[in-house]
Amino acid sequence: MVRLDDAVVLSNGFPLLSGVDLELVAGSLSVITGANGAGKTSLLRLLGGLVALSSGRGTVVGIDLSEGDLRHLRRRVGWLGHEGSFYDDLSVRENLEFAARALGRPTQAIEGVVERVGLTHRIDTTTKQLSAGQRRRLGLSWLLLRRPELWLLDEPYASLDDEGRTFFDGLLGEVVAGGATVVVSAHDPLRSAALHPRTLTLAGGRIVSDVA
Amino acid sequence: MIRIAWLVAVKDLRIEARSRVLLWQVLPFGAMALLLSGLALGPTHAGHSTAGPGLFYLVTLFVALLMINRSQGIERTPGTRASVATLGLDPAGVFLGKTLALAIELWVSGVVLLCGAVLVLHTALHGALLALPSIIVTLGAMAAAGTLYGALTSGGEGAATLLPVLTLPAFAPLLISGERSFSAALNHGALWQWWVIVVVALVAYLGVGILLYGVLEES
Amino acid sequence: MMKQLSQRLLGPVTLALLTLTFWLGMWVTPPDKVQGDLVRLVYVHPAIAWVALYVSFGTATIASALYLWKRTRSMVMDRVAHCAMEVSVVFIILTLITGSIWGRPTWGVWWAWDARLTSTAILGVLAVGYLALRRANDDPSLRARRSAVFAILSAINVPIIHFSVLWWKTLHQGATVFTANRTLLIHGIMAWTLLISFIAFTLLFFWLLRARYRLEVSRDQSRSVALATSLEMRRREGAI
């Protein structure tokens, strides 16, 4: 599913990733931990085709990161960032309809997934009026609607209350059981013991520990 | 491509309708700029000026710069960028959609500013109506050029100040041909050569945008 | 061997031809019946304008197009486009200065709303805009792509700007060397001096381009060294 060999990512001459070697198999759950600035978000962005590989080699879902079509790669991954999702001036429903129509997906399932993430009462509210946790749930509803092969979740537990965290743990288990590959970045190890993730620790833009 | 273009245009216009930046910020700026143009001409020339068409296009050009910044700005928030990137939208469709939305916004502001020119600068109403087809095409070309130059500067250091530096030279022929065809409409003069310039510019910008908009995407 | 020899000779030949142009233009060619000694600017201004508007801008456009074409995409093309555009800015400024010096006694003003003058000035802003765009983007790949697209757009804009301003108004004297039906307008030593000036300034462009390109290569080499150091330091963060 994912293979990186000595992957380096630069930004303005600074190495965000300084040589990452990584192999992930399909249907696995991995947690990337590390201090601030260790390169967690950069690694996720590289896997999602959102930043270019500066040197080294890599393939994600069979697409070469150096020579492949990154637009095709992006269409096959799901991204949940910690900054929010989609357009602030559109409602939850409008954002999801835009995304579904862009990918040619049916829009009938929108109400179902919105109910699943607990946003039904906010479905016609503009995104900028949502709280940070509710925005995170909007991002999740989009992933549920899309069901991508590779889920990239950047600090998904931030801004979630206890109920949200429990819901999220349950969802992760379900997604992995369904055959998708999930990579989560987090400051702390996952709370749920039932998930048994592989834990990768990043420091200085490299993986310094890998515990299965 | 057409499906994505339509989707993007509707989305941009819906965001505009909801945020009302055009109504409450851009159009008042345009109206004030038109008034200032009259003041700059002095008391003897402000009311019966032949500079009406030129001032109309000059103000429209500044209004266009604000709207181009706005058009790119709605895509710039970090969460939006990453989420929309994972949709893998066809760049040619995105370009056409953003161009269409920007053109519609420019047409709306053009009509308002035209009314302003008739009212404040005493531009002849009949001539203004005759100039309307050329104004529509010129503003369409401005929208196509603006979408391209907006994407070129988007996200770079000092994008808001870089945009006018790059865009104004490209707008110069549009300003010239727009002003000349507007003046020709007022004075029943020849129009064909100005149409040639605007149509060539429109086709060139649409062609380059469809072919190269994807190259401008950040990675 | 031949390549090395031509590179070595480029500088001396350029200097020799520029000196020859200066000597022929100042002392050998006759003054004009109408313009007097002012006509000697014909051995400088058209050649500089030729380099500014066609040779350097053309080189930058071709290199940009080659960068955008996937088969020929390389940072060499990006560097050539960048260096050619920088040299182009110098020649455009010289074109405007020499044009103004010529225009002042002819038209009575330093600046006139002439088609070629105006479109050259707009082209100058486009060339400066290209350099500003490069400074605004730090990522080398993004910078190369964006500036290549801008160069192509600028090249497309050149005829649009030219004809719009030409139809708007023109004061410029007609063609200097050829008439519309390709008949030579100047003859003898004047024609030869003009030809030598075009060759000399064209060679000057390539000489400056080569020097600027070498500087850019050495800058890239020092950037690579700095990058290797920062990569090593970043890796050490992980080892602590």
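Labels for the chains are A, B and C, by order of writing; each one numbers its residues from 1.
Criterion: a residue touches a chain if its C-beta (ideal position, glycine included) is under 8 Å from a C-beta of that chain, and two chains touch if they have at least 3 such contacts.
Because the structure is predicted, anything quoted here is derived from the model rather than measured.
Trainee: Please identify each chain that touches chain B as well as chain C.
Mentor: Looking at chain C and chain B together, the chains touching each of them are A.
Trainee: From the centre of chain A, which other chain's Cα mean sits the farthest off?
Mentor: C
Trainee: Whose C-alpha centre lies nearest the centre of all protein C-alpha atoms?
Mentor: Ranked by how close its C-alpha centre lies to the overall one, first comes B.
Trainee: Between A-C and A-B, which chain pair is linked by the larger number of C-beta contacts?
Mentor: A-B
Trainee: On a C-alpha centroid basis, what's the spacing between chain B and chain C, in Å?
Mentor: Distance between chain centres: 31 Å.
Trainee: Any idea how many Å lie between the Cα centroids of chain A and chain C?
Mentor: Centres of chain A and chain C (C-alpha means) sit 48 Å apart.
Trainee: Centroid of chain A to centroid of chain B, CA atoms only: how many Å?
Mentor: Once rounded, the distance between the two centres reads 37 Å.
Trainee: Find every residue in chain B that makes contact with two or more other chains and list them.
Mentor: 219
Trainee: Would you mind listing the residues of chain A that make contact with two or more other chains?
Mentor: Within chain A, residues 52 contact more than one other chain.
Trainee: Among the residues of chain C, pick out those that touch two or more other chains and give their numbers.
Mentor: In chain C, the residues touching two or more other chains are 138, 141.
Trainee: Mind pulling up the chain A residues that touch chain C in the complex?
Mentor: The contact residues of chain A facing chain C are 8, 10-15, 18-19, 52, 202-206, 208.
Trainee: Would you mind writing out the residues of chain A in touch with chain B in their complex?
Mentor: 45, 48-52, 70-72, 74-75, 77-79, 81, 83-90, 94, 98-99, 101-103, 126, 135, 139, 142, 148
Trainee: Quick one: in the complex, what on chain C touches chain A?
Mentor: The contact residues of chain C facing chain A are 138-139, 141, 223, 226-227, 230-231, 234-240.
Trainee: Per the contact definition, I'd like the list of chain B residues that touch chain C in the complex.
Mentor: These residues of chain B touch chain C: 148-149, 152-153, 156-159, 162, 165-166, 168-170, 172-173, 176-177, 180, 193-194, 196-197, 200-201, 204, 208, 212, 215-216, 218-219.
Trainee: In the complex, go through chain C and note every residue touching chain B.
Mentor: 68, 122-123, 125-126, 128-129, 132-133, 135-138, 141-142, 145-146, 148-150, 152-154, 156-157, 160-161, 163-165, 167-168
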